[in-house]
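As structure tokens, the structure follows; a few thoughts come after it.
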Amino acid sequence: MAQFQDLAQAIAENIRPGDTVALEGFTHLIPHAAAHELIRQQIGDLTLIRMTPDLIYDQLIGMGLVKKLIFSYAGNPGVGLLRRMRDAVENGWPRPIELEEHSHSAMAQAYEAGAAGLPCAIFRGYKGAGLKAVNPNIREVACPFTGEALAAVPALRPDVTVIHAQRANRRGDVLIEGIIGVQKEAVLAAKRAVVTVEEVVEDFADLHPNACVLPRWTVAGIATAPGGANPSYAHGYYDRDNAAYLEWDKIAADRDRFLAWMETHVLKARPEIFQDRVAGLRRDAA
Amino acid sequence: MSPVTPTEFMTIAAARALSNDDVVFVGIGAPSAACNLARLTHAPDITLIYESGTIGTAPEVLPLSIGDGELCDTAVTTVSVPEMFRYWLQGGRISVGFLGAAQIDRFGNINTTVIGDYDTPKTRLPGGGGAPEIATSCGKIFITMKQSRRGFVEKIDFFTSFGHGTGGDDRARLGITTEGPVLLVTDLAVWKPDPETKEFTVVSLHPGVTRDQVQETCGWTVRYAETVEETPPPTDLELTTLRDLHARTHAAHSGARPTAAA
Amino acid sequence: MAQFQDLAQAIAENIRPGDTVALEGFTHLIPHAAAHELIRQQIGDLTLIRMTPDLIYDQLIGMGLVKKLIFSYAGNPGVGLLRRMRDAVENGWPRPIELEEHSHSAMAQAYEAGAAGLPCAIFRGYKGAGLKAVNPNIREVACPFTGEALAAVPALRPDVTVIHAQRANRRGDVLIEGIIGVQKEAVLAAKRAVVTVEEVVEDFADLHPNACVLPRWTVAGIATAPGGANPSYAHGYYDRDNAAYLEWDKIAADRDRFLAWMETHVLKARPEIFQDRVAGLRRDAA
Amino acid sequence: MSPVTPTEFMTIAAARALSNDDVVFVGIGAPSAACNLARLTHAPDITLIYESGTIGTAPEVLPLSIGDGELCDTAVTTVSVPEMFRYWLQGGRISVGFLGAAQIDRFGNINTTVIGDYDTPKTRLPGGGGAPEIATSCGKIFITMKQSRRGFVEKIDFFTSFGHGTGGDDRARLGITTEGPVLLVTDLAVWKPDPETKEFTVVSLHPGVTRDQVQETCGWTVRYAETVEETPPPTDLELTTLRDLHARTHAAHSGARPTAAA
């Protein structure tokens, strides 16, 4: 049952060293504030899962907290490569990292299978693809009716899923809207879920009946973190900070510059700074 | 108007291949400029789908990522990512998939995973994202990419997504029922697969481009179709529309507020 | 691409004798007007698919148009049995009917597999259940990672799916909201889809971004049929006519009474009568 | 107040077994009266889920079907039916599943499919609906049913859903990890499975009910727990709440407009 907590407490109580953690968000609603709190608490030896590991995973990897990454596209979307991840893969800095690589379709369906309580996802995919040769977690199953060979991957079942959402109501139900990505599946597939929200409201009056709502009993901890998705965005609250994504390419290009940035903007910072960062990105800010 | 750049030429030539009835899957790194140019010129009813779940989207500026807010704001509907890959891509609802590449071979096989060995790569690239299944589930595949010896290679380092394999009926032999790569538009030429061998052959050269230039930027021996035409140059409307789109996009992404923001 | 047609034309052009047809709707939005048009056109030898065959399937079966039924719960919801279907199964009146029976979970996942372009659905189900012994389309697959035996059923792929929806816009996109059932899956799994709607509006301005919308290129024919779900209901338009469901139990109890009712209310009727039937059930009718 | 009817007693005794933290799957034909009575009395925060996709619903009147409009109007959210069966039921998110039956045996196996032979049935019943997977995916199963020789049988005609099989560890041997039937509330008694044999045994008799009455309405030899208690009678609050609920429901379903309609 959802507990309202502050962010530090929600992270400390739910994520332990060595856990398998999914901080999800498909471009939209990426839980930056929660990831930074995870870095401040130096919770390490993590296996991270995410379809599109971008800046926050680059940061977690660059800070040496990640043992293994399960992913399908590791890039700074629309900008280029993830330079801290590259450094870990190519040079083992600051530590070597194990990779389990899939396609988007496989990851999406593996989260779906996790949410659906299944041990594996079965789908039409990976035909002629090279990943089959390098990832032993890609196997085949024959359709018992047609004989067709279908691809199979294990269901994703994180210990903890962390997401950012627009809002919770006072009972603890959570609303996600706009580009909803795989967040519902990632939460339902996980043993525990931590949610940061832009705000807590009295109720969800007049909400569309089919909007994406996670009932309070699917969530462990809820922390209010206004602006907590920045430089990603929260539909209806503030825009994506595209300039920050372009800037990250330069910051991450150099180990020292990266470490200095992390020291200033993460290690010595507090969750409250996110609110200031998005002030100029709100639609009503002009 | 200033002269057409090779990139502009590539985008415009790719846009022309799209039609009003197409349902296009615009994957990560794919030329959404070409798709949106088609929408803003000759194919106003084209359906653009981004893998973030936005179906039938019509952005005013080009998204930086595949999940920018405007894609959702202007979409017919926005679905979850598992639904996108299950019902819409795997379900066979997409007529054209658009892919880019770091490396491509003569049969349209694509690498966006690693340069060098997979386990000890020289360069770790982002990976395939949606490409492995885009390549096999969409009705047909269009590829756009600038030519270079580094990108147009005899042998790709990793099979991120399958094109025509080693040619001929390789796709059918793997049980793939879709057409695969049918068009490759570069900054120099338009290529289509030979009907028999499935090797990409040049069918038209952009104005002023020589066969030598095409060969110098390609790692295999280039073959040509029996008749090689000249790619028709951009019209004023195409060029103006593309440049306006890029100007709006640049203004939005450099930190200025989107003009459409209310 | 969606064509706007009148109901008779939409049915005639899309449904042929011998087709496999799903007229879906989970209690809500059941396409009664379309089913009655199908009966008037006497399109027979049908294989009908539906999770919850209720009144309209009782009527189609009682009129002798059905060869086979694929289903998971054949009842008058909250009232009792389907008496025309019982008569066909128990006594072969007016003709014998072949049954392929599943659980709800199997049917829902089989539609889902159909929409997802897969040949079969694989799920955790039917453990200890008797249907496995009487339905050869229930098989098993071993998970290639855990070895667990999972149930498998063939994907449902109707020739035609018929649904009723709240509204279409002028472009032909279709909106379904409230209890959305399996309609999206049934439409996407089918070769062709016919949709009846309460009304056609200019556009879906201010619609929630994650509402259930079928883009125009997923639908073959759209016909306006106000009240077309009655005695089922259309969320936001009119209520369920529970009294009519109770009444059906009496009508269907007797072959002659059934035939007389069908003659008056279906064979000699026109789609326009549905509008009158719901007049007293609209929320603003009081 | 008029005397408590056996059906009222059954509903109230079943409602008491539900708690505030339960997430209950209310299948077709299941006693949604008991679930809603619990919600309106001692368990206001109980989560009721109907298989039509409505999660956390709180209807003012009892639905006639499992998909009445008010279930959606008052729900926390309404999801598609495939999602309901995949993420919520199969995903293991439901603590209690409520089932009714046409036939039941001493081990809580249930038949709602056919009376007689499957292929040439004496009576064709509606079928299982959600029951086969409700019986195995929910944390535990509650059953409510009136006792009769026709319903409480030595051997059911069809295994619509699995209870404890032939008893003992039959569930575990089939790879089922949930508890299965843990409670059977009838118009005469409350039954629970013996910890070892899993046969339903009477743990309490409703006030005034004799052991003879229980046996006369049961097709197998009834066993009793070591201590058999008297089921506590309904409180005034329980009875008034249930009767008000039924009165509102009757008014709504007989054609009168729901009082909550705006």
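We just call them A, B, C and D in the order they show up, numbering each chain from 1.
Just so it is clear, a residue touches a chain if its C-beta (ideal position, glycine included) is under 8 Å from a C-beta of that chain, and two chains touch if they have at least 3 such contacts.
These figures come from a predicted structure and were not determined experimentally.
Asks: Tell me the fewest steps from chain A to chain C, where a step is a jump to a chain it touches.
Replies: Tracing touching chains, the least step count from chain A to chain C comes to 1.
Asks: Based only on mean CA positions, could you tell me how far chain B sits from chain C in angstrom?
Replies: The separation of the two C-alpha centroids amounts to 40 Å.
Asks: Between chain A and chain B, what's the gap in Å when you average each chain's C-alpha atoms?
Replies: 27
Asks: Quick check on chain B: which residues sit in contact with 2+ other chains?
Replies: In chain B, residues 72, 78-79, 86, 90, 137 touch at least two other chains, as defined above.
Asks: Which residue numbers or ranges of chain A touch two or more of the other chains?
Replies: 112, 116-118, 123-124, 148, 178, 180, 184-185, 209-212, 235
Asks: Pairs of chains that touch, anyone?
Replies: Here the touching chain pairs work out to A-B, A-C, A-D, B-C, C-D.
Asks: State the interface residues of chain C toward chain A in the complex, per the touch definition above.
Replies: For this pair, the touching residues of chain C are 116-120, 122-124, 137, 139-146, 148, 150, 152, 154, 177-178, 180, 208-212, 235.
Asks: Taking the complex as given, what residues does chain D use to touch chain A?
Replies: Residues 21, 23, 47, 55-56, 72-73, 75-79, 86-87, 90-93, 137.
Asks: Using the touch definition from the top, list the residues of chain D that touch chain C in their complex.
Replies: So the residues of chain D touching chain C come out as 28-29, 51-54, 63-69, 71-72, 78-82, 84-86, 89-90, 113, 118-119, 121-133, 135-137, 158-162, 165, 170-171, 174-176, 252-255, 257-258, 261-262.
Asks: Could you pull out which chain A residues touch chain B in their complex?
Replies: Going by the criterion above, the answer is residues 26-28, 51-52, 71-75, 77-79, 81-82, 85-86, 89-90, 101, 103-105, 108-109, 111-112, 123-131, 134, 148-149, 178-182, 184-185, 212, 233, 235, 239-240, 242-243, 245-246, 283, 286.
Asks: Tell me, which parts of chain C touch chain B in their complex?
Replies: 1, 112, 115-118, 173, 184-185, 188, 209-213, 215, 217-218
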